[in-house]
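So, here's a batch of structures to check.
There are two complexes below, and they share chain A, which is joined by chain B in the first and by chain C in the second.
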Partner chain A sequence: MSAFFRVAWHVMRKDLTVEVRSKEVLLTTLFFAVSVVLVFSFAIVREGRAPDDVAAGILWVAISFSGTLAMGRTFERERYNDTLRALILAPAERPAIYTGKLLGLLLLLGLVEIVLVPLIGLLFNAPILAYPGMLAALLLLGTLGFAAVGTLFAAMLVRVRSRDTLLPVLLYPITIPVMIAGVRGTAALFQAAPDESMARFWIALLIFWDAIFVTLALWTFEPVMTE
Partner chain B sequence: MNSDFERLAVVDVARHYGRRKALSQINFTCASGEIVGLLGPNGAGKSTLLNILATLLAPSIGRVEYGERTVADGGAEVRARIGMLGHDLFLYPELTARENLSFFAQLYGLSDIPTIVRAALERAGLADRGDDFVSGFSRGMRQRVALERALLHEPRLILLDEPFTGLDQASASALVARLRERQRAGCMVVVATHDLDVADGLLTRAIYLKNGRIVGTDTDSRGLADRYRRAINNSGGDKPFLSADLSAEALRAKVEAPGAKVEGLSKS
Partner chain C sequence: MKHLTTPFIGISAAMLAVAPWIINAAPYESTMGLVQKVFYFHFPAAILFLLAATICGVSSAIFLFGKRPNADGWAIAAAELGLVFGSLTLVTGPLWARKAWGVWWVWDPRLTSSLLLWMIFSAYLLLRKYGGPGSDKLGAGMALFGMANVPFIYVSVNVWRTLHPQTSVVPTLPADMGIPLWFCFAAMTMLFLSLLSLRARLEHQRARVEALYLAEDEA
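Our next item is the complex of A and B:
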C-alpha cells in the first residue's frame, strides 16, 4: 500500500511542478471560471440583489466548466510527448498513477475555488462564512466526485481526435447526481434561512456518490489504459 | 519465480482494429544478447508490434512470452524488466533532465536515485547540463536523455522505435555503442527502424515487415539494403517471400527444445 501512495505522491508532485513552471492550466482555468461568474453577475444581479439559489448554481457551473477545461489540458500535456505511455509502462500500480493525477487536479481546482467562492460571496451577497466547514465539505466532496470521473474519461480520451468534444458529452450526464447534490447542498447554506440538516443530507449523498465514482474509476483505470 | 527472463517469444500474434489487420501471424523469438531489427516501410506494423511487446497494446490473437511468463501472469513484474524508447521521447519538457530521470527512477521504485541519475547523466554526456530544462535541448541531447531514461532500471528487454531519427552521425554512433554495451550485458534489444545504413552491422537479426506480416528474416547483418528491398518488393499478394520458416509450428518446435537458439530456425 505504501508503494501505491508513493507513486501517487510522485505523479502529483510532478504535475504540480510542471504547473508551477508553466502556470498554463491554473491561469486558463481561473480566467475562465472568473469570467463565467462575472458574466452571470452582470446578467442576473439587479440593484445588488440576485434571485434566490442562483449563487449556488453559478458557483457549480463555474466549477464544472473550468474543471472540464483543466482535465483536458492536464492530459493534453501527457499526450504531447507521449509521456502517458511512459507512465503506464512503469511497473507501478496503474490506479496509483490515476490517484496521483486526480490529486493534482483536485489541488488545482481547490486553488480556483479559493478565488471563486469569495467572488460569489461578493457579487451575489452569498453568506459564504455562515457555515464555512459545511461549505468546504460540499466543495471538496463535489469536486472529488466530478474530478474522479473526469480524470478517468480524460485519460481514456487522450488519444481520441475529438476528445475536447467528447469529454463534456460523456462527463456531464454521468456526474449529474454530484452536481445536483453540490448545487442543492450549497443552496441550502446560501438561502436567507440556512437549512443545516438539508445541507448535511446532500453531503451524505455526495459521500455515497464519491465512494461509487472513485471505486469504479480505480477499478476501471487499468483495463481502459490497456488498449 | 524470478521476474527476469532469457528469451522473448512472439507466438501467432495478430492485432486488428475493427476490420483492418495491423498485424497478422507474427512469430519470432529474441534471445539474450540479440539485437533484432524490425524493418519495413511506413505502416508495416513495426510500432504496433513494439507496443504489443511493451505490454501497451494487447494482441487480438496470440501471445507474447517473456521467458515463462505472459503479461497476464505478471504485468507489473514484466513491465519492470522492459525499457522503451518511443518515437516521441517520453520526457517532460518543463522538467530538467535530472528531474525527468529522477521522476521515472521513483516510478520504477529504484533506490539511491541521486547516484543512478548522476551516472545516467554522465553516460548521456550531459553531466553539466543536468539542471537545464529538457525544452532547451537539441533533438540529439533529448534522445540521449530519453535513452538513459529507458535504461535507468537496467531492463532485460529494450524496445526502440525509430531511435535514429533526427540524430547526427556522432549521436547515432553513440547510440549504437550504448546498444552494443547493453547487448554485451545480455539484454534483448528490439529496434524498429527504416534507417538501413545505421542498422547495417548492428543487428544480429533482421525481420522484414510489410502490411502487418513478416515477409522475410535475415541473420546476416551486413548488406541489409539489397535483401530488404528484395524481401519487401517480392512480397506482393498472399504468398510472402520468406528467407526462414517462421510458421508457428516451426517456432514452437524450436523454442520448446532445450537450449533453443534463434539461429536454429529451419531454412525454407
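Our next item is the complex of A and C:
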C-alpha cells in the first residue's frame, strides 16, 4: 500500500515541478476562470446589484469550465513530449499513476478556487465567510468528484481524435450529479437565511457520488490505459 | 437468436398494430381520463431505456475486463436503442405531465436523471461516431459511469418526495388496465430484443470486415 502512495506522490510531484517551472496551466486556467466570472457579472449585475442566489451557480460554472481546461492540459503535455508511454511503462501500478495525476489536478484547482471564491464574494455579495468549513468541504468534495472523472476521461482521450471537443461533451453529462449537489449545497449556505441541514444533506450526497466515481475510475484506469 | 429475429419483428409489429384498439378498450382512469393512456407506451419505453443502459454497461464491463471484442458490439447496439427508447420516454412523459401536472417539465430527481441518462447515451454515441480509433475503450469506460446512474433513477422516485408516480403503481393496477400495459410491454420488449440482436450482428460483421481489411493490408 505504501508503494502505491509513493508512486502517486512521485507522479504528483513531477507534475507540480513542471507546473512550478512553467506555470502554464495554473496561469491560463486562473485567467480563464476569472474571465468567466467577469462575463457573468457583466451579463447579470444591473445597477451594481446582482440578483439573489446566483453566486453559487456562477462559482460552480466557473470551476467546471476552468477545470475542463486544466484537465485537457495535464495529459496533453504528456502526449506532446511523448512521455505518456514512459509513464505507462514505469514499473508501477496504473491506479497509482492515476491517483498522482488526480492529486496534482486537485491541488491546481484548489489554487484556482482560492482566488475564485473571494472574487465571487466581492462581485456577487456572497457571504463566503459565514460557514467557511462547510463551504470548503463542498468545494473539496465537488472538485474531487468532477476531477476524478475528468482525469480518467482526459487520460483516455489522449489517443482519440478531436479530444478537445470531446472532453466537455463526455464529462458534463456524467458529472452533473456532482454539479447539482455542489450548486445546491453552496446555494443553501449563500442564501439570506442559510440552511445548514440542507448543506449537510448535499455534502453527504457528494461523498456518495465521490465514492462511486473514484472507485469506478480507479477500476477502469488499468484496462483503458493498456495498449 | 439469429433465426428468431424475423418472426420476433413480425409478431411485435402485429402486436403494436393491434395495441391502439386494446388501449382504446381499456377503461378510463377516474381522475386523469384520456391522458392516462399514454402510460401504456411510456412505462414500457422507460423500462427498456433502463434495460438498454444496463446492457450497455454490463457489456462494456465484459469488453473492458473480460477482453471479449464481441461485447463491444452489444454495447453500441444497446446504446443506440437506449437513445431511441429514451427519446420515446422523454416525449411521452411531458405529454402526460402537461395534462396531469399542468406543466411540461419539472426538475425533479427522476426527470432530471432520465434526461441525464439520455445525454450520456448521446455523448457516448457522439464519441463512437467522431472519436475514431481508440474510442471503443473510452466508450466502455463512459458506459460504466452511465450505468451508475440507473439504480439512482429507479430509486429516486421512492426515496425523494417527487411529483412522479411511484413504481409501486404498476403491480396494483386493475386487470383491465394491467392487460393492455403488459401487452404493450411484451410487444416493445420483442421489438427491442430483435433490433438489439440485429444491430449487434451488424456491428460484429463490421468489425470482422475491418479486421479482414487490416489483415489484407498487412499481407
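Keep this in mind: the second predicted complex is superposed on the first by the 227 of 227 C-alpha atoms of A that agree within 3 Å, B and C clash if a C-alpha of one lies under 4 Å from a C-alpha of the other, contacts with A are read in each partner's own complex, and residues count from 1 in each chain.
Convention: contacts are C-beta pairs under 8 Å (C-beta built on N, C-alpha and C of every residue); 3 or more make two chains touch, one makes a residue touch a chain.
This is a predicted model, so every value here is computed, not measured.
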| item | value |
| --- | --- |
| Chain B versus chain C as contact partner of A:A86, first or second or both or neither | first |
| First, second, both or neither for A:V61, with chain B first and chain C second | neither |
| Touched partner set for A:I207, first chain B, second chain C, both or neither | neither |
| First, second, both or neither for A:A3, with chain B first and chain C second | first |
| First (chain B), second (chain C), both or neither touched by A:L140 | neither |
| Which superposed partner A:P177 touches (first chain B, second chain C, both, neither) | second |
| Intersection of chain A interface sets (partners chain B, chain C) | none |
| Contacting residues of chain C [partner chain A, same complex] | 64-65, 112-113, 116, 119-120, 122-124, 126-127, 130-135, 137-138, 140-142, 144-146, 148-149, 152 |
| In the complex, chain A residues that touch chain C | 149, 152-153, 156-157, 159-162, 166, 169-170, 173-174, 176-177, 180, 212-213, 216, 220, 223-224 |
| Touch list for chain A against partner chain B, complex | 3, 6-7, 10-11, 14, 17-18, 21-22, 81-83, 85-93, 226-227 |
| Residues of chain B defined as touching chain A within the complex | 54-58, 76-77, 79-80, 82, 84, 86-95, 99, 103-104, 106-109, 149 |
